[in-house]
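In what follows, chain A forms one complex with chain B and a second complex with chain C.
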Partner chain A sequence: MNWLSYQHFPIYAIMVLFLGAFLVVLLGKNRVVRAALALLSVSASLALLVALVPRVMLGGEIIAYWMGGRGMSGGYAMGIALEVDALSLFFALLVAVAVFVACLYSIQYMEHDDNVSQYYTLFLLLAGGVLGLVLSGDLFNMFVMVEILTFAAVALTAFRNTVTGALEAAFKYLVVGSIGSVCILAGTIMLYAQTHTLSLAQLSLLLPGNLNNATKLAFALLFVGFGTKAFLVPFHPLAADAHGAAPAPISVLISGVLTKSGIYGIIRLVYFLFQNMDLGAIRFLLVVVGSLSMFVCVTMALAQHDFKRLLAFHSISQIGYVLTAVGLATTLGVSSGLYHAMNHTIFKGLLFLAAGAVLHETGTTDLNQLGGLAKRMPRTTALFLIGAASISGIPPFNGFASKWLIYQAAYQKAVESGHIGYLLVTIVALVTSTLTLASFIKVSQSVFFGRLPERFEKVKEAPFGMRLAMGVFALLCVATGLLPQAVVKTLTLPAAQAVENVGRYIAAALGTEMPAIRTVTAVEIGVWNPINWLLLLGVSLLSVTLVALLGKYDRVSENEGAVRAGGKYDLFFGGEKSVHSQVGGGDLFWGFKHNWRHYFSFMHDLHSGVVNDYALWAALALALAIVFSQIVL
Partner chain B sequence: MLNSIAFAQTALLYLGYVLIFPGFLFCFVVGLLLTGIDRKVVARMQRRVGPPVLQPFYDFFKLCGKETIVPDAASRTVFLLAPLVGLASLVVLQLFIPVFKFSVFGSLGEVADLIVILYLLLIPAVAVMLGGASTGSPYAGVGLSREMVTVLAVELPLVLVLLSVARVVGRETGRALVFSLNTIVSFQTVSGSLITRVSMIPAALAMLMIIPGETGSHPFDAAEAETEICEGLLAEYSGAPLAVFKLSHAVKLLTMTSLFVALFLGGLGTPIAQLVAAVGLSGELAAAVTMLLQVLALVLLCIVLTVLTISFVHAVTARLRIEQLFKYYWTVVTALALISLVLAWYGY
Partner chain C sequence: MILMNYICAFFLMALGLYTVVTKHNLLKTVIGLSIMDYGVNLLIVSVGFHPGGTAPIFSFTELHPESFFVDPIPQALTLTSIVISACVTAMSLALVMKIYEQYGTMDTREVRRLRG
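After this line comes the complex of A and B, so read on.
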């Protein structure tokens, strides 16, 4: 093989990140050099992966790559393998894009921190870890990468160790994250002991229909292990702490990239290794865990009064959508779930970066202290609103496009299977979306609108480099929302097709004869044509605006500084100063929370914040998963 | 050459749809008319003389001539843009609701289905919330809180109503699910209005209760509550932007009532078409007369629905507190919608 041949690209993409990580430490004394090095390695990685899109995504090719020229010997897969099918590449692209934008943002965001070169090292290690995980062709390598990314993420969580709670958050993450990693390791060992192979492809050949108690146990261990990485309920409290303390670009990676690696692991587990999605119980497991995450975390988010913690809970809520959709086990379900995973990376990245910009300029993310920043940071506000509209599922942004497909997939599944549970899931998904909107209305009101506190009178707009990174995400939000058909055709449907062509995945790695591609189609029942809608809205808005301008709509009367305070340009209020107090961020929707007060107080008591409790939850989840797997598999 | 003429014709046709019917002019006239009738009926029920039916039109033009004050604390762009976006999106939404069998997008393919409409309905609400919030007024803060809770409250039963309609029509047309509003209406023109089905009656009742909640009228007007929080989100608005918001509110009456007609009374256009045919008209004239009569019928139905769900209720009830409002929607109305969904699910 020529060293420039495309088969090498996946390993190069991982290598440049790890190489960059070490070079940054060695050469990173200079501010410019280290930023250039980091940016160079992430863009090289992105370019290498994009170059694979035509072959793997559109051509349906699967790259099986053996390190050091090893391969199959004696009927067993030997050596370290990478295997890149459309599913792997889909997740790899998400990783690469998010890492690229986060790196771009870091340059100005981390300017005033100490030890920035170490930051970049950990950053690139985390990125390389996730990329290695999703491109890996064997289970043990997946575990190695999980370890690398977990420890890099823990260290990065505590990177600003002067921030209150950073060390505590990192410790919690370390404890529960290690439980997850150990589960993955134990599951891997179990499988190796039973099947004498670690290759994902060979395991997918040997395991299905051939289970014993040990491999069933392995399923439970791996499911819980990857569940921790995705912060699914009941591991959600960790994410909130970690996001609250970590620098914004790291939050982008943790929520946009790291959680996706957990989802990726679960997809590989249920669709490839065990191929047990035809079991109702496994679909039930995925859908229930997904819906629980979706609903519990959105309500948890409503109760938050810290910008980043709120985003963290939403992040898991959206992951819940992804898992639910994937758990429907229909082509439309998988494809829309992956679409939502992609959109989540984009809009949540944008929102975390906006939160970071607020923190960078004001020094706080407390919703009760902030307010009125729209006047001081208009561009950040506009970008934030795009992200908020996307996550709340407001047409025509990308969150709507994918959620809309998920609703259809869930309702379709409900009708086809006649199972009323799926109907419930559809309703939960639809209501969760509105609760998400409520939560982001709260953020808009408490951070960007509302009254500007005096101490923030002098706040400046975020610097250009940070706005540029946010702009990239905002552009992607709009583009992937307006062109759903194109996205589905080039990205998510090929990935969903890969999921349904397990035989090809096995054959590519083992070098046996490739079965023909089973092409899949996703049947959509709904109608949504965002471009036409936008055209109509454009015409409509244009005509309203024209009429309005002709009617001197813009000839408004503004205070030119001549009128003293207390005049007609002041806000109207009843005369008592106490009226002018803002409704606190956490209490904004008390009309809702009052009716759900028992639920909220139950949740409040449950989330003690003590790491012992959370470790106990993990143990409980593991125990339940083991019992479940022994019974149903 | 021929292509470009055809294109220009289509473009002009759609411009007509957006600007005249069922777009702006239609929304403007009928929306404000509904508001005027509502005010008159409420006044008569309270033994007042009440304003003339055309009063909302006078109000609108009067407001447009007033000074627009942008408060010091407000962010100007959002403050001025929010009313326009809200109105524009509402008018576009109106295009997607078929007038009996007539749909703007009959030939060119649909743009949005039921679920999309559910979310498009959020845009005007978000616009008014952001516009109000941008002023930083404490009243707007309270209004925003209540408006959002109202939206949350109405959303659950509305979702259930739409899902049960989708299921019923889906089963009867043999397609499992139908989300397309055009298909739902054309199904009704053949098989009779959905409200005649036992399983759909609770859903229709729920939808009737949703209309005042969605439009924020008594007793579900906690978010405006002019006697208490000075119209909440609109507290700082004046002049033309206020007029646009008032107009949006009026158009929303039309949107919600005509959505009800499309969902549950879609079959009522058929007798009109038959009548026209019976009189002996044919060809384009018949189509035009049918269309005209159907539009009149729609306006009449919208007036009836407005009087029924908004004016009558307004005149006899007092405002609910926001948590009572929420509870009402998530218990009574949701239960009604749920009955329909369960009936539809089990094939009634």
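After this line comes the complex of A and C, so read on.
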């Protein structure tokens, strides 16, 4: 094999990141050199992965790469493999793009910090860890990569250790993250004890149909372990803490990349290793955990008054969408879930970078102190609004396309299976989307609009390098929203088909005849077009404007005129004239919050911030998962 | 005899988790995490153990179909896992030290500025 041949590209893509991590700390005294090194390694990694797209995504090829040429003999995997199918490449591309943009943003964002070369080292370690995780074809390697990325993420959370709560957040993340890692390792070794292999392909061949109590326990351990990495519901407070303290580019990585690695692990677990998605109970598990994450986190977000903490809860809420869609176990469901995963990386990245720009210029992310920044930072505001519209699912941005597909998939599943529960899921998803919109109206109102506090009179626009990074994400938001058919065809559908065709994954690694496991080739793409919905939105906007204008020029009869003086009773334009008052972070939806006050105060007390409580939740989740897996599998 | 190892391994894991959940001292939390790691390491080594097997060190000429040795892969896995848990312990101790400097306490119930 020629060393330039494409089979080597996956390992090169991982290697350049780790190599960059070492070189940055060796040669990174000069700020130009270290930025150039970091940018060079992430762009090289991105380029290598993009070069694989035609073969793996469009050609449907699966690259099985055995390290050191030690492959397999007699149908048994001997070596350590990297196995790249469309699913791996899909996640790898997400990672590479997010890492590239975050690195671009870091150059100016981290300018005033100490030890920036160590920052880049950890940054590249984190990137390499996630990339290694999604490209690996070996369960133990996945564990090692999980540890590398957890370690780097914890260190980066505490990087600005003078920020309030940074150390505390890092410690909590480390404790619960370690519990998750121990679960993954124990699960891995339980599987090894039963099957004597660590290769994902071999395990996918041996495990289904041969379950005993030990492998059932392993399922529960691995599920909880990857759930910790995705910050699914009992683990969501850690995400909020970590995001609040970490520098903005790291928030992009934690929300856009780390959570995806957890989702990737769960997909590999249920669709490949155990192949138990045809069990109703497992679909139930995924959909319920997903819907809970969706709803709990969006309501937690409504109660926040810190910009980044609020975004963090929304991040997990959107991950809930992804898990729910993946749990539907239809091609459309998986495809729409992956589409939403991609969009989540893009719009969440944009929002976190906008929050970082606000922090960089004003020095605070407290919603009660900010206000009126649109006057001082018009470009950042515009970019933020694109992200906010995307996450709330407003056409023509990408969030609309994927959320629409998810509703459609859930509804279709409800019709097909005749199960009323899936309709309920659709409703939860819609309500969550509405609450998301509400909370982003609150954020835009209290950060970018309203009155500008005096202390922010001299605030400047974010520097060019940071705006450029945000611009890339904003462009992707619009592009993936306007061309959904192209995205589905080139990216998400091949990945969804890879998920459904497990047999091909096994055959590619082991070189055996394709085992007789279900192969699905059906092409199902949702029937919808964002342009139509944009037109509909435009028409309704136009009619509202028209009615409002008519109301303004309403003819006033003589005797009513006196009453209406001052325009107090005008249609649509009436109301008391009042002096401007700043609406603080918490009180835009005070009526809603008042009605739900018992729920909110209960949730507030539950998220106590004591690390023992979070560990207890982890233990509880583990116990439930073990009982569940022993009963239903 | 090997059954005792398995029982001990899971007992250690449960004990570690219990420590993390119930103890309010940050250092004890770190100790609890380490105990969990020891439990898993014991589990891994026990999985590879065959009673009566020799050490898995052979050259290709010495290797016969009838040679009987313990499974070398779990031992390699244990080494990796030990290195990783040492790193995690070092990192968490460093964090505990910095937390003590900033908060002036080791009690988890007082290290809760981020909540709600």
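Rule of thumb we're sticking to: the second predicted complex is superposed on the first by the 566 of 633 C-alpha atoms of A that agree within 3 Å, B and C clash if a C-alpha of one lies under 4 Å from a C-alpha of the other, contacts with A are read in each partner's own complex, and residues count from 1 in each chain.
The rule is short, and it goes like this: a contact is a pair of C-beta atoms (placed from the backbone, for glycine too) under 8 Å apart; a residue touches a chain by one contact, two chains touch by 3 or more.
Bear in mind that the values here come from a model prediction, so they are computed numbers and not experimental data.
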Quiz item: When the two structures are overlaid on chain A, which partner does A:L185 contact: first (chain B), second (chain C), both, or neither?
Solution: second
Quiz item: Does chain B (first) or chain C (second) touch A:L423, or do both, or does neither?
Solution: first
Quiz item: Does chain A have more residues touched by chain B or by chain C?
Solution: B
Exercise. Check the residue A:A169 against both partner chains and state whether it touches chain B (first), chain C (second), both, or neither.
Key: second
Quiz item: So, does A:S444 touch the first partner chain B, the second partner chain C, both, or neither?
Solution: first
Quiz item: Does the superposition put A:V53 against chain B (first), chain C (second), both, or neither?
Solution: neither
Practice problem: Considering only touches as defined above, state whether A:V415 meets chain B (first), chain C (second), both or neither. | Solution: first
Quiz item: What is the contact status of A:G372 with respect to chain B (first) and chain C (second): first, second, both, or neither?
Solution: first
Practice problem: Would you sort A:I626 into first (chain B), second (chain C), both or neither based on which partner it touches? | Solution: neither
Quiz item: Same chain A residues contacting chain B and chain C, which ones?
Solution: none
Quiz item: What does chain B use to touch chain A in their complex?
Solution: 14-15, 18-19, 23-24, 64, 67-73, 75-78, 80, 84-85, 87-89, 91-92, 95, 109-116, 118-120, 122-123, 126, 129-130, 133-139, 141-142, 144-146, 148-149, 151-153, 155-156, 159-160, 163, 166-167, 170, 175-180, 222, 230, 235-236, 239-241, 244, 321-323, 325-327, 330, 341, 345
Quiz prompt | Complex contact set, residues of chain A against chain C | solution = 140, 144, 147, 151, 154-155, 158, 161, 164-165, 167-172, 174-175, 178-179, 181-182, 185-186, 189, 192-193, 196, 198, 240-241, 244-245, 303-304, 604, 607-612, 615-616, 619
Quiz item: In their complex, what parts of chain A are in touch with chain B?
Solution: 371-372, 374-375, 378, 381, 385, 389, 392-395, 400, 404, 407-408, 411-412, 415-416, 420, 423, 426-427, 430-431, 433-435, 437-438, 441-442, 444-445, 449-452, 525-529, 532-533, 536-537, 539-541, 543-545, 548, 551-559, 565, 568-573, 579-583, 588-592, 594-595
Quiz item: For chain C, which residues count as touching chain A in their complex?
Solution: 13, 17, 20-24, 26, 29, 33, 36-37, 40, 43-44, 47, 71, 73-74, 77, 80-81, 84, 87-88, 91-92, 95-96, 98-99, 102-103, 108-109, 111-116
